[in-house]
Each structure stands twice: as structure tokens, then as C-alpha cells.
Amino acid sequence: MSSKRKVAILGATGAVGQRFIQLLQGHPWFCVEVLAASERSAGKKYKDACNWTMESNLPPEIGEMTVTDTNVEAVEKAGNVDLVFSALPGDLAGPVETEFAKAYPVFSKASAHRMDKDVPLIIPEVNPDHLALIPVQRKLRDWKGFISTDPNCSTIQLVISLKPLMGFGLSQVVVSTMQALSGAGYPGVPSLDIIDNVIPYISKEEEKLEAEALKLLGSFNGKEVRNASFKLSASCNRVNVKDGHLESVFVKLDSNPSVEEVEEAFRRFQGEPQRLKLPSAPEHPIVVKKEQNRPQPRYDRDEGKGMSIVVGRIRKDPIMTVKYMCLGHNTIRGAAGAGLLSAELAVAKGLA
Amino acid sequence: MSSKRKVAILGATGAVGQRFIQLLQGHPWFCVEVLAASERSAGKKYKDACNWTMESNLPPEIGEMTVTDTNVEAVEKAGNVDLVFSALPGDLAGPVETEFAKAYPVFSKASAHRMDKDVPLIIPEVNPDHLALIPVQRKLRDWKGFISTDPNCSTIQLVISLKPLMGFGLSQVVVSTMQALSGAGYPGVPSLDIIDNVIPYISKEEEKLEAEALKLLGSFNGKEVRNASFKLSASCNRVNVKDGHLESVFVKLDSNPSVEEVEEAFRRFQGEPQRLKLPSAPEHPIVVKKEQNRPQPRYDRDEGKGMSIVVGRIRKDPIMTVKYMCLGHNTIRGAAGAGLLSAELAVAKGLA
Amino acid sequence: MSSKRKVAILGATGAVGQRFIQLLQGHPWFCVEVLAASERSAGKKYKDACNWTMESNLPPEIGEMTVTDTNVEAVEKAGNVDLVFSALPGDLAGPVETEFAKAYPVFSKASAHRMDKDVPLIIPEVNPDHLALIPVQRKLRDWKGFISTDPNCSTIQLVISLKPLMGFGLSQVVVSTMQALSGAGYPGVPSLDIIDNVIPYISKEEEKLEAEALKLLGSFNGKEVRNASFKLSASCNRVNVKDGHLESVFVKLDSNPSVEEVEEAFRRFQGEPQRLKLPSAPEHPIVVKKEQNRPQPRYDRDEGKGMSIVVGRIRKDPIMTVKYMCLGHNTIRGAAGAGLLSAELAVAKGLA
Amino acid sequence: MSSKRKVAILGATGAVGQRFIQLLQGHPWFCVEVLAASERSAGKKYKDACNWTMESNLPPEIGEMTVTDTNVEAVEKAGNVDLVFSALPGDLAGPVETEFAKAYPVFSKASAHRMDKDVPLIIPEVNPDHLALIPVQRKLRDWKGFISTDPNCSTIQLVISLKPLMGFGLSQVVVSTMQALSGAGYPGVPSLDIIDNVIPYISKEEEKLEAEALKLLGSFNGKEVRNASFKLSASCNRVNVKDGHLESVFVKLDSNPSVEEVEEAFRRFQGEPQRLKLPSAPEHPIVVKKEQNRPQPRYDRDEGKGMSIVVGRIRKDPIMTVKYMCLGHNTIRGAAGAGLLSAELAVAKGLA
């Protein structure tokens, strides 16, 4: 690769936008060219427009960049862009991403287009073949660019853990989540709501989990994605944890594997990002913990620089086949890191 | 009732023991006569022996009582006792309770004897008829007293919610818990373990839930309890909440009731304690919350003075029949309040 | 008192407004007649306009009341009001309270008018004589009503503890606060800002503490209040506690009293509310804790139904004279309870 | 340096011991040779003896080491040791360290010997000249080794911030601390004590702060250390933060410098470790934050890899001269990192 691709980040001042900036520091393929945010921020220096909430310091050269408005003209005026990461809030993302996709590859963390028939919903280790929807989409919409989407944070980690179980004949998944505060963005959850408390409801989260998992594990027939045929039921909770969603998973598997076979399937799981050695790919997409009280968010969320998911407590289930715990870093593997890895995959495949 | 029954509390300095003392203040039927604890505490004033962690102040007259050693002789020397509440740790409880039961009715919060064939495991609203095991036990063991046990905290609230569902043909229960810190006693969970974290493991908790629920909802045939025939799978987690266990429950019901029918069954549920108007019986054993983000531990754990359980988010389930959230105050309904209500029921039935 | 005074609450949907509603339930002198809030809420039922965050349930009859807009016409149309409690945010309170004060006694929790020369800033136990500013104010402004203000939450508890020390010749006060989340209102502090953290800054808090304490402990000469002459330095911090501000206080006292003398002064302190037996007056304005690790917010904030302040750890100081810890419930004694007690005092003195 | 010095860690399984192991990974001058702990742990593999609570994974080769008993014979049998780090609990440390010091340089984090007349209490940036007590001590006690001690965690960060203020004529220091949970070791503070709470007491902490600061900033006259002459008053609190002590500091300075002059003194402060470029020396011993709400524990504790202290909110004080906030990582700069830097200094000076 002769020189780095220049990227624009839409929604650059939000929590996911900040994580994109952090993960793009020193990236071998991409460099930050344009930071776009709301009208209120446009024209300001990034350091003045943004309430930086990452634990690592704001890179000074990023802090000095001027934020632009979130439209194609403003972004093109601000720089020469090769591709776009969208960390826009769901309600704004729809039409804005459509506008950008006419000219640019758009990798979106927003939910707006995830379930569009011709838009790929991608986890690079799980369904890299679904990227083949991109030429379908371009032709259909007569676009030079395209939209590729990443799933919801709680979906990503669950589906990575389900992928190696498909070979056992996955038929049912029951999942109860304990999701971190950062999943609600910033300012997000008021402290008065969560101190000494759990909130057993996250708007639209269960619906997203139940719908997206089937598309992700569905099969692409050259024209469209057919949903997988298993059934999934989710119950989603917000807990007082900064980062890292933890999920109690119960699965029914037709071939009734042993705990050891399931553990082995988790351990040996490798995807296209590992084979292609993509820059953001973790060596182990799934890390198995043997301690009886792991994975735990604070200890395990940073495995594989936040790009591995961590499973543990795999055990036989009296009703289903096995149950286990599954943890992922919701703003890295579940958000900005997911977008980055999808873009790397698309670049590696010559699509962006 | 001419005068109050005098009670001894075993394990009086621990978290459950303290809650017993708090709930017995002003009780119309019972009064605290003897406080027993470990050798280390024996001989001290209660206020010096105990690290009082209730939010309400330690009643001064209790604080001045002298703590006795935990054996029959010491307790008999300290006072004239009618019945015994045991809040002993599980490992000690077995032989000590046996000793006391030779002469006294023992209502135990410990797990030691819960699964003994001739020992009733009681939730007064759920299986009051199982108290009929007491004469069986007395005869078998040739005791003047007896042991009656209360279930594990996470079991009690779940089983109260399951009881009104039995009429719909309960066949499967999947439950994932988010349990409060006080469930681990004091000092219990180190703060360094739980800050910004969830611990997906509680020793023996899943096993207790899976075993006790079947006994509680089983049927008594005059001689013994036959386990209920549904299946239950549990996954237990510790979260950073002071009091109040929250549970995601997924149930399969043969008759496929609607959400409204399930809600109605919860609402109209009444048990023997309500019919007998026992002093500690909540007016509504199950309170149904309609807000989409309830029940929540901090807001709802004190419903019915901590003796009601609270359910909410009842909804259809894509795999099972319905799913819902269930909350209970683990140290009131789940511990000391449970013991108290069981004793009240036994007294009302002339058994103690 | 023949019948209850009818009150309007301005800012009724906010955190302090909710606390007013809670404390006014069953009040012997006052009843809630009108609930006023922002335009957005006006016309809605209170239960729909408000995100109720008190642990006790919203009283159903309050929930059914219709919220009115926050101006004199709307309030007069909604009911016949005798006096007004203002829980308005500081920036709105200024002109709105002025408008209401032309016709009604206004008891305000807002900071807008606290330092106005002719407006009393009142803690009923500390400076009840300052209420004599009311006739001064009425005459000067030609109003039928008036404005009386309550201090900032962190000021109230500190100044109650300083009042009995005035007799020892108070010359210097250094205070470092650890303030609760509810002091910032709702939604207030984002959970992502406070988990595993302390925020060493609260906007304008140090300035308020330093200015208000001098006015409160100043002397009224019949025309105006002359500031007290001691000096005060404050450093204010936000900690991860729901309710209850805790303060490390260091004081220099000219007469160099012993620890016992200071403790005795705290203990025997009584104010006008105690002498008049006002409905919201705590029996002991200051409760002294002798345990070496108290007061603590969770255990002690509810002393005197949240209207007592709690001091402890009184000890000699190597630089000043003594140091001690001081705790108060910031939304009861520090906010709604303060307004209520001020209004009770004014009523008892025939001023409202 | 031809080869690395081999070190023994006493108290290796505790929180500070674990941090020593973490910080010694890849250290250019030192390598871990012996891990000593209590009898209960002796003979076990470190990974089995220790409940590893660092967020980074336990280095596998350390996990496989066999833990030895804590006495000279056992340690000498286990390896060839050049120097000893003691992370022993205070009550055990006294005689054990004396035994080791007869033969080895002992760098101790325990409080046992800190105030001994001939034992240096060292912060390398503050009083490196006090290391000259070592030959005095050796001669006096006729030892081949020696004991050098590190101050209490809350003292270290405060005193580093006071050192550059000495030039302004420091006469009084008032400090109120908000200290992290990890300062109490493991299991340490029970979660039930700290959830929704602050504990305004830490055993012996105020006494340590008040005594150690004077010795550290005292002057060495060739024979002994004369205490500095300023006065210090401390009030110590435990807050719900994992790592990082935050302190509100009020100081009286004779020469009445401006805020800018104080800030400049903090900024330009450099010590011997910086001049000698010791491996663990942070580039900036004091980092000044200009944001009005910093330093904050979660964001700033890792400055300089946890070896910098961070100050902010420098402002004029109405009573003293200036006030400011001061933050330090209590288990790195305040514990294991302090010991390491002291040992590096001693090695660089040819003393160990």
C-alpha cells in the first residue's frame, strides 16, 4: 500500500467517534483527514468541541483540527477523503449516510441501514462473504460508494461466540445481558439511575439482537442474504460497569456436543481477518477462560486490545445443551474497532 | 395469644441475624430473648460483638444484651426460649441445628438441612402444606422440636413468581440472575472485586436454585415430597447493588397463555399468609409493575416492606412462552423475613 | 390553624420539586394546590410530565394533577394559592420569583436572590431574626408578598455546625466537601463521569459557600445584615454517593475550647424551630456520633428524617483549633426540607 | 551494569507484592529471583498461592515459581539474592526486615521502621540526600545490609507537591484526602461498606501523614534528620474509587507567591531521579492540569505510567495562601513504584 487512505469520521465528538480517533492513532492503512460533527461544533477546534472521555490523552494534533459540518460539501471542502466512518446517532444517520455513500465507501456503526436488503451487516470473522452485497448494492442504487454496516454492540460479541457453534446445529439461543454504561454513549445513563441499581431495559436492544443475529449468520446466495433458521430470545439489562458487556448464554445444539467439544470449537475458531492478518484483527477472536468466575468485565474486556471476545463457564444445561458466559468490549469490538476491522477487510478484498 | 413467644437467634451478629433483630422490633407474636453467636463474641454486649450494618439504628436494649455461645446449654442458661431462628453459616448449621431441634422448633435460613427428606423447605405462600412434614420428622427422629427450612434467597423470589404459573402447565424455566452484595453476607464481596465489574459466579448458587425450586413446587403425599417435574436452568451473577436480586426469567408454559393472562395470574395470586393475615405477610405477594424499565432494585426492593416480590416486563418469548423480570429483597423476603413468615405460619397452624 | 395553607410548587417536576411533594404528604399546615413546571410539561398530568426518582411511590392523587405553566396567571388560574415554594433552576428563578413575590410569599431554593441586600437568607435554627428583613423588603419594593431564600445545600449543614461554635470566637473555617450526586439534580452527573472517580469541581459551589456562610452568621441591625467577620475557604468535590454531603471541617476558635466543650456545644444546640416545635423541625438539629468512623452518608443521612445534621470525629487540630466531619441530607435538610422549615417559621411568626 | 540484580519480594502474594511483580517485568536492572509469602502459601506455585488482582495477566513464568517462607534461611535456599523488597503488612514487617537487613539491602513499604532515627524515609525526588543515613545505620547496627523505607501512599504524593513550595516558605498545610480502595489492600474494604458511601476514617493514616511529611522535608546534618518546621493537619477519607488518591490541599506560604508562580514551581520541578534518568523515574514528577475539573482519579492516575503526581485547580486561598488538588496512583507511585525508584536511586549512588 503506497500511502494511507484518508478517512472522515462523522459524529467525531461522540463516544464512538472518540474511540475511532483513539484506534486510528498510528494505524498502518488509515489516517484521520476530516472530523465532522453537529452544526454546534462545526468551526471549532476539536479539543474545544469535544468532551474527551477516553482515559488516554487526546492526541494534540487531533485536538487542533477544525471540526466540519456533517454534509458532503463541508467534508469535501475540509479534505480529500477516501472513505468514511459513521458514528452518527441512529436517527440522523439514515439520510446522511445515503448522501455520502453516493461517492464514498461508508462504514457505519448506526442502526439505520443495518436491515436494508442490499446493505451488508458485517462481522469480519463471521460473514465476510456478505461483503459481496456491495456490488449488488452499487448496481441497484447506481452509486460509486456504498454503505456497509456493523451490528449492535451486544450482538457482535454474541454472534462471534455463536459462529463456531453453527457446526453443532444451532437451533435455540436464550441470552440475558448485563451491559456497560458506555453502550449508552455520553452523557448517557444518569448516575442517579444506576448507583446501587440495575436497569432491566435498553430501548430497542432486544429487538436488534433478535433480528441482527439471524441476518449475520444467514447465507448469501449471490443476490441476497437468507436469515439463519435458529431462534433467539434476549433480555437486556444495564449494569454499573464502565466498559464490557457480559452475557449469560444458553444454547440448544442438535448434535449435543460435550463441554470439551464446545470449548475446543471456541478455541480453534479463526476467521478471515486472522488469515489475512488485518491490522486490527486479534490473534484469537475468542479467548476461553478456565477460572470458574471469569470472564469479568474489568479484568477481561481488554483481551486482544479489546478486539477478542472472552468466554467462560461453559457447562451442560438441563434444558438447552450448553450454557456459557460471553464478554466483549462494547466500544472497541462492539463499536469503533468493529468499523475499523470491516473497513480493513473491505480494503483487503479490493472493495474500498 | 396471651403473651409473646420468646425466641433465640443463632448467628445473631451476622448480616441475616441483624435483619432478624430489626424485623422482630415490635413484632406482635415474638420477642428476642437470647442472642447467640460464635465463641469470640460470647460474653460481650451485643453492641460490642457486632458490626451493625443495618441503616436503621441498633435498638439500644438489644445492644445491651449479652451474647451467648451457640449451644443448647448456653442458650438455656441465658433465657427461657420458645423457638429458635438460625442464621448460622451453612457449614456450621448442620449439627448445631440438629442439637437444638431435639427440644425446640428451629426455623433455619441455612442450607444444611434443606434437602433432607423429612425436613420441610417452606415458602408460606407457595407450599404451606409441606409443613405437614413436621409431624413426620418428629416421629421419625423422636424429637420434641423440629427443623423447618427456608430456601436460598434467589430461589424464594423466583418460586413465588412461578407458583401462579403452575396452572398454565409450567415445563421449563431459564433464569439468569443479577444478585446483590448483601447476599454474600458481611464482609462478603471485597469492594476491589466489584467496582466497575460483574462477577459471573456465586458458589453453589445455581445448584441450589435448580434443586430447591423442584422441591418447593413438588407435592406432598402425606409421607414425602415428590419433586415437581419441570426443568430449570440457572446462571448466577453478582452485581454492584446493595440489596435486591433481579432475575431475567424465561418460562415455557404448556397452555400458551397471553401476556395479559400471565399478568392477571401474578396480580391475583394470594397465599395462606394473606388469608391468615400473618403479621409479616405482605398484602400483595406479587406486585406487577407496568413501566417498561421496572422492576429496579433500588426503587422496588422495599415493596410490601421488602416482603413482596416485584415482576415486570412480561412479554411473549420467541422460544419459550413468556419472559419477565423478577425482583425480591434478598435479606428480607429472601432471608430473615422468610424465616419470620415461616414461623408465623407454623404458629398459626399450631405447630410451634 | 383553621385550615391548611395552599401551596404552589414551581419547578415541580425536578428533583427538588419531587422532594417537596414527598415532604408535603400529610403535612399539618400545608397542602399542594398547584404544580408548575416548564412549558413542555404544562397541560400534562404530573405523572406523565415527571420522571419520578424518589424511592417512595408517587402519591396517586398528585400524579393525577395537571401541571401548569410557570407564571402568575397560569398558577392563579389553576388554584387559590397562599404561598409558593420555588425549586426553579438558578437561571430561570430570578425574574419569575420577582413576579410571584409581588403577590405571594415565595420561599426559594434558587440562588438568584440569596445575596440581595433586602432578601433574607435563612436557616431557621441559625438566623431566624433575619426574617425581619421581610417587612424591610416589602416596604422597599412595595410588594404584598416577599422572597425568602434558603442557602446552598453544602452551606446549610456547615453553617448549622458553625452556629454553636460562634460562642468560642470563630475566626477561620477550612472545609473540603464530598458531595452527593443528587446535589446536581436530574439527569445531573453522567454515570460515565463518576464511576471509579471523584470530580474535584462543582460550578460556583465554593463561591456560594464562602459568601453565604458570612451572611447567614451575620447580624441584623434592624435595616440590614452585616456579614460575620470570620474567614472561610472551601474546596468542593463530587463523589459517587446518592444522597448526603460529607464535609471535612477545620476551624480556628479564639477561646481554644477542648474537644469535650465543642462536643457539648453541638449536643445542646437548639434553635427557634425546636422551641416552637415546628412540624418539620428535628428534635436534635445536630446529632453527635462517637464511633470513630462516622458520620457516613449511607448510614447517617436520614437522622431526624433527614433534617438533622450529623457530626463526628471531633479532634484537636495541629494548626487550627479543632477538626470534625459534618454530614447532611442534601435534598432534605439541604433543599426541600429547608424551604419547608423556613415557611413554617415564617407562618409561626405571622409573616406568611 | 554487567548483569541484573536479583531481588526477593517479601509479601509477594498481596496487592503491593503483585504490583512489584508487574513493575519488575522487563526491568533493566532488577529481576525477580525469590517470592516469599506466609507459611500458608509457602511451597505452592505462585499462581496457586495468589489471587492475582492486577488487570494485566499474571506473567506465566512468575506463576510457575514456587513461593518460599518469609525468613532468611528459606529465601537463601530459594535463590541468590542481591536485594529485598518488603511488601509485608505493618505488624509483621518489623522483626522480619531487621533479620534480612543484617545481610541485605531492604527497601520497605511497611511502616514499622519509617520513624527510626537511623532509617532513611525516602522519596527520591524529595530527599535523596537522606540516603546518607545508610552508612550511619550500618555502622550503628553493625550490619552488612540496611533498611530504607518508603512513606505512606497518601504522604508521598502530598510531599512531592510540597517540595517545590518549600522555596516560598511553607509554614502550614491543611489536607483532606479522598483515598482509593486499593490503599486498603485485598480483600480490604467490604463492598457493603462503600457502596453509596464514604468512610471518613482510615486507621492511623492521619498520624502517618502528619509525622512522615516533617521527616521527609527535614534536613540531614550528617548524623540525623531534623524535622521540617511547618505544621500539617490531615483529615482522611475512603471513597469508592479503585486506584488514585485525591487530596484537597491548602497551604500557607510566607512569601505569598501568585498562582502563576506556584504553577511554574510545580512545572519546573525536577529531582535526582530525573537528572540520573533512573529507569522508573517519570519525565515530569509533577504534571499540572489546567482544566477546571481535574485531576480526576480515573483519568489522571496513570500519568507518567503511574509515577507522576498530578496537580490542578491551583487558586488563591482566603485563609492560607493557595489551595490546589493533588492526585497520585497509590499502588504505583504510592507503593511498589516508590520502592523500585528508591532502590534504583540507591543502586545509582553505589549504596546497593
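Points to keep in mind about this one:
The chains carry the letters A, B, C and D, assigned in the order they are written, with residues numbered from 1 in each.
In the analysis below, contacts are C-beta pairs under 8 Å (C-beta built on N, C-alpha and C of every residue); 3 or more make two chains touch, one makes a residue touch a chain.
Small disclaimer: the values here were computed from a predicted structure and weren't measured.
Look at the CA centroids: the one farthest from the centroid of chain B belongs to D. Between A-D and C-D, more contacting C-beta pairs join the chains of C-D. Annotation: 47 Å between the Cα-based centres of chain A and chain C. The mean-CA centres of chain C and chain D are about 42 angstrom from one another, to the nearest whole unit.
A separation of 41 Å divides the Cα centre of chain A from that of chain D. Looking at chain B, one finds that residues 195-196, 240-242, 298-299 touch two or more other chains.
Those residues of chain B whose C-beta lies close enough to touch chain C in the complex are 55, 195-196, 298-299, 302.
Contact residues of chain D toward chain C in the complex are 172-174, 176, 178, 195-201, 210, 231-233, 235, 237, 239-242, 246, 248, 250, 292-299, 312-313, 317-320, 323, 325.
Against chain D, the residues of chain B that register as touching in their complex are 15, 53, 181-182, 186-196, 240-242.
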